[in-house]
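The structures considered in this document are given below.
Two complexes, one shared chain (subunit A), two partners (subunit B, subunit C).
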Partner chain A sequence: MRVFSSKNSNQSVQMSSWRDALPVIFGIAYVLIVFLLLRNLSRADLWFPTYSSILFSLFVFSPFIIFALKIPLELRIVLIAIIGLVLMPILGMQDSFYLELITQIAIFAAMAIGLNIVVGFAGLLNLGYVAFFAVGAYLWGIFTSNANTIVRVTGAQAAPELFWLFIFIGMILAAFTGILLGFPVLRLRGDYLAIVTLGFGEIIRILVSNLSNISSNRRNPINITNGAQGLPGIVSPPLPDFAFQLVESLTNGLGLPVNNPRAFTYQLFYYGLVLVVCAIVALLAARLDNSPIGRAWTAIREDEVAAQAMGVPIVKMKLLAFALGASFAGAMGVIWSARNTFVSPESFSFIQSIFILAIVIVGGMGSIRGAILGAAIVTLLNLLVLKNFSLQINALRNIDWVVPIIDFPIRNWPQQLEPARYERFVFGLLLILMMIFRPSGILPAKRRQMELQREEEISEQEIAADAATLKPEDLLGAQPQQAKEKP
Partner chain B sequence: MTAILRPEDITANKLISSAAEWTLQYVLKPIGQILLFVFIAGGSISLLALVVGFVLQTDWHGIDILRVPARINLFEQVLRQLPNMLLDGITIGFVYAVIALGYTMVYGVLKFINFAHSEIFMLGAVVGYEVMMRLNEAELLSSLPPLLVVVLMIVMAMVVCGGTAVIVERVAYKPLRGAPRLVPLISAIGVSFFLTDFVRAFQALNRNVFNMPYLTDRVPFFNERIVFAQGVSTTYTTVIIIVSAIIMLVGLNYFVNATKIGKGIRAVSQDQATASLMGINVNQMITITFLVGGALGGAAGVLFGLKTTNITPYVGFIPGLKAFTAAVLGGIGNITGAMLGGLLLGMLEAFFSALLPYFPALGLGYSDIFAFAVLILVLLFRPTGLLGKKVDEKV
Partner chain C sequence: MPLLEAQGVLKRFGGLIAVHKVDYYIEPHTINAIIGPNGAGKTTFFNLMTGIYTPDEGRIIFDGKDITGLKPNQINRAGIARTFQNIRLFGAMTVIENCLVGMHRRLHVDLAQTMLRLPAFGRQEREAQRRVEELLEFVGLRDKANEVAKNLPYGDQRRLEIARALASDPKLLLLDEPTAGMNPQETIAAMQLFRAVRDEFGITVLLIEHDMRVVMGISERITVLDYGQKIAEGTPDEVRRNPRVIEAYLGRGSATSQN
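Here is the complex of A and B:
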């Protein structure tokens, strides 16, 4: 903001307020246009998969764009709340797939924040993170699905109301597992630790796919996890009746009746729940990062020996990072299994761990905003863009479409090359490219940025940041003083 | 065979005057060492098997935790299975040893776990399959001598995999040299994923296959059995695997300990900066390390394919992890250690595979856990491995 001469100060205030309104108008216009375009999409359209990938991605990124705009914080929060609490559910009524997708993004975001504590803050590469997720998911699954012996024989089925309690039990159990794993292996150096955690993740996966009477043979009477077939029929917590009525009247009132109001209410419930958990986790991680604990983690990450010399209790801090990261995954595991109503070992394979790691790396190690943005990018890429790309190719193949300019008939595109089936290819490439060109991620953590810069640059930036936070009226008020100081 | 990291090796590298001495130094000595390792590994596993068999066979006053049916005498079972178990262990152990060499060489030179090595190994198995299929299509598979077929497969796999390893190093690791430790590791994970699906896509387009069964049944030679004693027999494939693995190990020993390039690699692994001051082209040495490691991985892939006879693009992950465990078990960065580790791990695997079916409560599904358990135990109690030396980390 420039300091104008007192003569046209009045004008300048007007001008600046007009300029201040620009980002607000831009933000609202962006959200509205994307939303309305999405509302008017028709599934019958030939290009529906492409349009819906692009528009829904733009819609998911709208909170990030609004957050980056130069508008007052309160207004930003109001706008983001409108997007999340009004526009998104309306889109969900139109097509529940969108609601499912955004719930997945929030689940992965919360897990990525948890992994961020381990990898980004404390610098311990954990390649078996999904194991803690499995602990939470199987905890709720074992106690509510009647496919296993524990429930079938002893009848010790957990009441659905206990879901809320089990979120905390899942957290504690996952944290305990994290400590159990961390205690022996945390002495190891970074790359060894990575491989050991990978092995641990595989051990958990092998355990859950074998703790049954199916995979090995029938002579084993105890069936805990139902093997590779997985546990079906996992229950959701009960919701009060008025919630169903409210949702039904809302959908009918908006003229968007859904096929199954009960299922849709649960979808909305899980959407809200994971958003809340995600927000809590993000807040917790942000507070931790700025606490003495977070600084101890940074010290360990940057130089373990020096940190030890300065009196940082290394083992305790590392264990804390492991346990906290694990507990987030454990809580999400319980919620995920209840939402999914089914768990099987396939969901906890190595590629899932890498998937979460890719989120952290794309977003920026140690950056919480980055983890959320990374979750949006990577999940959209995996569950929306690649899938819709396949659908689009199939749709175009059906009408014998020819790519213009290069004259490539789409039916010549080999059937085997379905983009949706090559997620490893895409994520492998993503990891390599990120490491080579932008190892600090899209939204690098501020502290890391500071560590990587020279001192003069920081001080310059700080001055610039201070100047940016000054409001025009401050400057105007300060003018006489400045004038006095001038010789 | 001697370790690459020992400083005294460089001075010990004296001129060998006579052919007899040369043979002794570079052929007989390493073979003797390999045989010694086979005996150590086999002996320890036999001992373990006998003790376990004895313990299980003893009547512990009716306590039947493991639910072993009473009529099976486990001690006798173990004794009867021991020879085949040892043969099996040696075969798979040599395959692990050859893969582990790739991990250990790269670790020795760059201090970095080449996570993509398991996919290089998988690529070798796929190349072997391709060669076999091409020969079959040209109707040469049954007319060519089987040994020539194997040599062709191994050589092609070595060429392709060595080249791929060098390209991977150039593209994905070289730009990251000097970055924090985790950065190249993550890049290597990326390469591993990329290669898996790249090969999958390639084979889907090429032959529209995912499972790639080796055509070993088309050549009777591969399945002919050599009977040593009653109930103890093996196929020629096993012999081929063991012999070619030994040839490769001996060749690598010669390469690392007796050639100028080998000396350069050892120098780089000891101290990169000083090596470059001595006029050694460090980049070239790293490239050669990847070339040799990749070629060995590719060859191991062919051997693995011959043994399991069915491969997929996802086949590299578990053997890769086991080979890495072998490298750690023997002492990572140490070539001799990788061999010992590989053999021990192969024996352990054979032992568990033979024993687990007797425990209905467990079953074969658990046989992969043991490798990770070994890895964790080794890192806990002896992080430097069996043959590794304690190296203080530089501050």
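Here is the complex of A and C:
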């Protein structure tokens, strides 16, 4: 339409381009204001916990807001890239906790996308998803930890350079585990499937806490996982020297020197790595969704009998969903264990599976954007908002602050009512509210609309015909026409 | 040679014999009907032919191949497509997507190709979409191609189920009560559609139907089941005059009193 409008009159062109620019200006202004406010926060400020929770949450949502703007896709990608590659690292230099948070969000987002394939696309409720994450994490952990495992004793440890290879091995191993789980549960549906997958998640957790010969497992012959003590000293891949030099000169150049440039470089590295993995996973999931494979999964979810009668091999397709969903978690597990340097069975408890499932439900089942947004919301709530709320109350208690208007002295706030302890309560509440007000999630999955070939030709002809009779008033909206019709 | 041949097919559910040693055949390029009172075993017979149930005895041979005991998706691959008595569409998917699922057996599914979006993938998707559009044009749903299936009116849902079945390019199409719940105009349109399926696509049609106007109007050969047994077979005229059929439908005594 814009091509035609330029022929008509200068005024209309100005009007439309001004209107086009409005969302861009809004988007940039939003990001810049939030960014600058965050930059100017001082930890010494009494209200710092509150300000930083609000502002950083707003900052995390800025890519979603930009993505929702009605501007060309290229421009949106450029703006989001600026946020991710320029603004976020600067904030990280100022306070590395922000970088930790974003990394955590991306890890959960990638896992939620993986779980979304199984739960959202194929409709197979999986309550043991964290098991696949554990498979990846323990794979890298066992091969590089400094604990006295069989691998270390026999000298079969993996060199840190093999990290990249192990991401793929982790994917394959997790996919294999997924198929292993898939076979016995193929005949089950709904609640029964959920219970078996829940059990499977527990099996993996108990397996890793018992595959050792220490403490309660003294009678076992070999130590594979170091039991409940977990695996410490897991290594990161080596980075080239110039990366450290570059980061150090960048931080000094920007006037934001960091305490430990080496550690900060690794933080930046993992931040970049999980973002890339998350982007790849999102792209693959979107491509799968919009393909014969994805359609077969949705068909199985909608009506298994009809899908099979239409020629969909359901055994193969379900196993494929389990394997692919698991492989995403496996890859993230390898990365997470390297970043965390320590894994223990406690990291893979049932509540973690529920946490990832909650992300999928909050975001919207079967929706990839929803999984990313859900990961942001749930992680921010868990790691930032509730914790900062507690910090804020403590800070106010220290100065004997009194809530204005209702004259409530904050020191009377009971110690037991610490918000950070109520995360499960808050999640429960969030899920209940979601079920009432938005049962299909914040960003529900939409069915793709396909362009029909002949209709496309027709609509092109119509546009051409419209353009021939187009008047400048038409571009200004319907109002002038209505005014004409009135008399 | 018949397209489909059932030899002594028997299916038990506990003590009940739902289908009792039925011999049956379908000639290619014909329209056939199975009729019978409620509970006569018609749908069970359909489910045996499409692999949802496995016969306890007997064999089913389709297109020269023994398909007894194959899974539904394998039987679909062999060339039998079906619709369901109570419509079973993929409710959350669009009309086009429903048909694309129906086309699944004809698509080359390759994980690497899908994830890397190789040119062959795009070509196949475009070709599949083009063929589905033609099919939707044929059943008259083209202008609703992007609507979600569960939002379609009843008659359109029935037609979509037929389009979805046709998408797998079957040799034999099984329709389970395809005009149930339709008004007279819709029924006439549906009958024209069934004839067109046979005449334009060369697909053999077998339908279960209660509406006698449809059965008598379009079928070339009618088979009557009662209590799981085949009691009559023949042209509409032959079946209409068969005393055992009249007895099954109207009760003992009706046949004799008519003569």
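Methods note: the second predicted complex is superposed on the first by the 429 of 487 C-alpha atoms of A that agree within 3 Å, B and C clash if a C-alpha of one lies under 4 Å from a C-alpha of the other, contacts with A are read in each partner's own complex, and residues count from 1 in each chain.
As a working rule, a residue touches a chain if its C-beta (ideal position, glycine included) is under 8 Å from a C-beta of that chain, and two chains touch if they have at least 3 such contacts.
Quick caveat: nothing in here was measured; it's all calculated off a predicted structure.
Overlay on subunit A: subunit B and subunit C fit together in the combined arrangement.
By the document's definition of touching, of the two partners only subunit B reaches A:F425; subunit C does not. Angle at the C-alpha centre of subunit A formed with the centres of subunit B and subunit C, after superposition on chain A: 70°, rounded to the nearest 10. Legend: residue contacts after superposition of the two complexes on their common chain; A:R295 is shown touching subunit C, with no touch to subunit B. Here subunit B and subunit C are compared by how many residues of subunit A each touches, and B touches more. In the superposition on chain A, A:V24 makes contact with neither subunit B nor subunit C.
By the touch criterion stated above, A:I224 is placed in contact with neither subunit B nor subunit C.
Of the two partner chains, both subunit B and subunit C are touched by A:V305. Of the two partner chains placed by superposition, only subunit B is touched by A:V196; subunit C is not. With both structures placed on the common chain, the touch criterion links A:R287 to subunit C but leaves subunit B unconnected. In the superposition on chain A, A:I314 makes contact with subunit C only, while subunit B stays out of contact range. Minimum C-alpha separation, subunit B to subunit C, in the superposed model: 8 Å. On subunit A, the surface touched by subunit B in one complex and the surface touched by subunit C in the other have residues 305 in common. Touching subunit C in their complex are the following residues of subunit A: 284, 287-288, 291-293, 295-296, 298-299, 301-303, 305-314, 320, 447-450, 452-454. Those residues of subunit B that touch subunit A in the shared complex are 67, 112-113, 171-172, 175-176, 179, 181-187, 189-198, 200-201, 204-205, 208, 317, 321, 324-325, 328, 360-366, 368-369, 371-373, 375-376, 379-380, 383, 393, 395.
Residues 119, 123, 125, 127, 184-185, 187-192, 194-196, 198-200, 202-203, 206-207, 209-210, 215-217, 219-220, 222, 305, 350-351, 354, 357, 361, 414, 416-417, 422-425, 427-432, 435-436, 439 of subunit A are the ones that touch subunit B when the two sit in their complex.
Across the complex, subunit C meets subunit A through its residues 50, 52, 71-73, 76-77, 81-82, 84, 88-94, 96-97, 100-102, 104-105, 107, 109, 111, 114-115, 117, 121, 125, 128-130, 133, 142, 145-146, 148, 164-165, 168.
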